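Okay, so here's the structure we're looking at.
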Amino acid sequence: MIMDTTSLPKSTSVALFPASFDPVTNGHLDIIYRALRIFDRVVIGVAVNIAKTGAFSVEERIEMLELAIGHEERVEITTFDDLTVDFATRVGANVLLRGVRAMSDFEYEFEMALMNKHLKPEIETVFLMSRQEYLYVSSSRLKELVRFGREVGEFVPTHVAKKLREALGSS
Amino acid sequence: MIMDTTSLPKSTSVALFPASFDPVTNGHLDIIYRALRIFDRVVIGVAVNIAKTGAFSVEERIEMLELAIGHEERVEITTFDDLTVDFATRVGANVLLRGVRAMSDFEYEFEMALMNKHLKPEIETVFLMSRQEYLYVSSSRLKELVRFGREVGEFVPTHVAKKLREALGSS
Amino acid sequence: MIMDTTSLPKSTSVALFPASFDPVTNGHLDIIYRALRIFDRVVIGVAVNIAKTGAFSVEERIEMLELAIGHEERVEITTFDDLTVDFATRVGANVLLRGVRAMSDFEYEFEMALMNKHLKPEIETVFLMSRQEYLYVSSSRLKELVRFGREVGEFVPTHVAKKLREALGSS
Amino acid sequence: MIMDTTSLPKSTSVALFPASFDPVTNGHLDIIYRALRIFDRVVIGVAVNIAKTGAFSVEERIEMLELAIGHEERVEITTFDDLTVDFATRVGANVLLRGVRAMSDFEYEFEMALMNKHLKPEIETVFLMSRQEYLYVSSSRLKELVRFGREVGEFVPTHVAKKLREALGSS
Amino acid sequence: MIMDTTSLPKSTSVALFPASFDPVTNGHLDIIYRALRIFDRVVIGVAVNIAKTGAFSVEERIEMLELAIGHEERVEITTFDDLTVDFATRVGANVLLRGVRAMSDFEYEFEMALMNKHLKPEIETVFLMSRQEYLYVSSSRLKELVRFGREVGEFVPTHVAKKLREALGSS
Amino acid sequence: MIMDTTSLPKSTSVALFPASFDPVTNGHLDIIYRALRIFDRVVIGVAVNIAKTGAFSVEERIEMLELAIGHEERVEITTFDDLTVDFATRVGANVLLRGVRAMSDFEYEFEMALMNKHLKPEIETVFLMSRQEYLYVSSSRLKELVRFGREVGEFVPTHVAKKLREALGSS
């Protein structure tokens, strides 16, 4: 362990929140708002390569994110198609922000964080835990609910609920 | 979910790192240095009530911490004897910093984080994962090694290794 | 917590056991027999939408279930193509019955149970644990064994073993 | 697997809910009320041997339980000092009722359930999952909160909160 | 990764099985017999320091082990009071043998194995999984059963069952 | 538990290490070298049926394995297309060797080991834990890194890194 003998200077904290956002949920937004309270900036990164098989196009995902959180000055919404840590470097992020909902999430995140620490030691992976009311809310589960004709207005912003109904709802 | 219509202002980020530090390890110090890169200030809180049954007195723990990390300007070392979230409020912390070493740690932390979120919604619990070389390094395991006559100089600062030998080492 | 001031009346207990049953195993049957001892009725629900990609058609699954357990008066075998909790309401079930074989099962079940409790608070998810001799017996693993020419007669009823051999066994 | 050729008769379902109840929480009461909806009777068993080291005497625990749930006709409150499955037989219970709050709970419960199934195959262990708002509520955590001067009125009945303050609260 | 260019010679495999054996169970014996099939020798190490708080003295534990497995020529039974890896070196063991019963066991073992690999890279920790019928059989659980007047003859050798009754059984 | 009254003879220990090896990593090689220290022979089995959807053909995988470990006299490299335990019998293996990287690996391995023990009680599944520096190294993760233009030379032998670049690297 090599320790500094002079004081470590504080740099601006920029948190990258990478996900597929297909679509953005209140669970995502909750993590973003909580991150805004403790980091200087939050970059929302929509993963393009995973996006190809989703319910919404990348453009639609960006649009829904813009409507939901675009008014926040310290938030930037963008897409990426490279390795997450390389994307982080590109946008000047020193924090990888991950929301954890369950033990099984954490297992996967644990391995990814070790690998990312190895690839870019200067980037910190930081975990925030989902609020208890969003513990069981994932984009994929919400899409399943909509396919079965269920309302999901309490789990996503109003405009996202509408888009979900249009895209997946049984007529 | 109630969302802000105006932009959320950024406040100073103060992270509280509460533990028994009996004694401080390189694993602790690693978490603290990583936190210093992303938060404005880090408050190290030595839990007094748990401290009673440890290998070192609260004064000794503070002293070892001071020697190890006291030179950092943005670090404050203190003790506490109340509920962690109340202590956080008292020192103006908006982040509870937790280092996670293993799945079993996380299980306990998960429940504590939900309870703390309920008690003080304005405080965020933030998890950093232990570096891979410290995944198996805990204060209690190091004390066991010292009791069996083992050197632990690679896992703690030099002055802590010396103190451990004096307190627990077989002569 | 709102508590009743008068005594809660006991209603008939109807347990819904939803699965793909592709095909029914002794593990399933064990859960059903144990459920029959504690609940008034058990409804077996074959999930139609998942059924499309299985080894057997929905009709074949129903047939195998009928042969295995159809003689039980308090058992009803049916199919469903809607959300599980909606199906439960439709058949008058107040219990969702789940068999748990392993920790990883439980993780997924945990999230589903929280979501289902939210969607229909009046329906209880109840977990029964697999008997130790069925801890490693799943429909998919049995199909793999049959594909490799193995006998699985100890894990499924005789008529199911025969059907499995016909459908998957190498000649 | 030996299967019945005649229909299995339905017996009365009596669920035993064994715990230390030191003291009863809303989490316990929630499990009991949910059990009352699906079982014919619920026996609450206060474990005497574990009780010796708690915050309350067995008498106090019984008293708090009586006040909280004693008005329910189908509930019986009692103590036991033998093996849980033997106690179950003694009170005519065919169900062991367990509330699960977290994965770590489940791990322990899993082993106990396998052992109990071996000791008394005719008794079923049935798991109900804690409601999301009680996921982090345990008797021991509540006692810790009270010791630190915190109000716990939202997690226990009013009379239990008062008793906790008297027994543990700092004056 | 440094790889050998000449062929690695095979050394004798000596497996150390360290535990408290308070008392030895059929689960332990099963692990030992399985180890004897794949390793050249098995050393059974009774941990002395943990032994102080058990139900049996170190001498009694050794005696019960001798009666149960002492006739096996390739088995050695001994005690130790140092760090497990140091003990391993002392008896010439290159394998640390661990029986795993459950996920929670494994969690702890995982950390210990990483630490032991660090302390002595030349010693391999090897895990064998408990047979399904012993998944829930631990010395501590058996002692609890005996205290409640239960027979445990199916889980331990006959002479151990007798000793357990004498030591813990209610008269 | 039936115990032998005469001493159990020691047989040659032959460990089968079955995987897809698409491609072989330093993590695999580490497990193989450690196994060579404690077992008489190690058989590397490339699973053919899983191989069909990988990045490399079975021939390429074998070739990379030969170059990496073929010089070891006690190692045999082969392919298989039957049930793992049947393959083990065919090559005279009495040990199934599994490397475990994480808890989630172990969960799956646990069930497989119970099933394999049931199918062939004479074959022991033995777990070795990944070295801490390979905890996050899997073939699939390495392929992802290469697709994003990353060097993986520290995680695989040089000739494997070259093959990976040729097969997956963006030009």
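Per-chain numbering from 1; labels A, B, C, D, E and F assigned in written order.
Here is the rule we use: a contact is a pair of C-beta atoms (placed from the backbone, for glycine too) under 8 Å apart; a residue touches a chain by one contact, two chains touch by 3 or more.
Quantities reported herein were computed from a predicted structural model and do not represent experimental measurements.
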item: Partner chains shared by chain B and chain E (touch criterion as defined above); value: D, F
item: Chain-contact steps, minimal, separating chain E from chain A; value: 2
item: Turning angle required so that chain C lies on chain F, C-alpha fit (0 to 180°, nearest 5); value: 120
item: Same-site or different-site touching of chain A by its copy chain B, using the half cut; value: same
item: Of A-D and A-F, pair with higher C-beta contact tally; value: A-F
item: Centroid spacing, where centroids are CA-atom means, of chain C and chain D in whole angstrom; value: 27
item: Rounded Å distance between chain A and chain C, as computed from the means of their C-alpha atoms; value: 35
item: Chain D and chain F: spacing of chain centres that average the CA atoms, whole Å; value: 47
item: Sites on chain E at which at least two other chains make contact; value: 103-104, 107, 110, 114, 118, 132, 135-136
item: All pairs of touching chains, each written as two labels joined by a dash; value: A-B, A-C, A-D, A-F, B-D, B-E, B-F, C-D, C-E, C-F, D-E, E-F
item: Residues of chain E defined as touching chain F within the complex; value: 1, 3-8, 10-11, 13, 26, 29-30, 33-34, 36-40, 68, 71-74, 94-95, 100, 103, 106-107, 110, 113-114, 117-118, 122, 124-129, 131-132, 157
item: Chain B-facing residues of chain D, complex; value: 101-104, 135-137, 141, 144-145, 148-150
item: Residues of chain B defined as touching chain F within the complex; value: 103, 132-133, 135-136
item: For the chain E and chain B complex, residues of the former touching the latter; value: 82-83, 86, 104, 107-108, 110-112, 114-115, 118-119
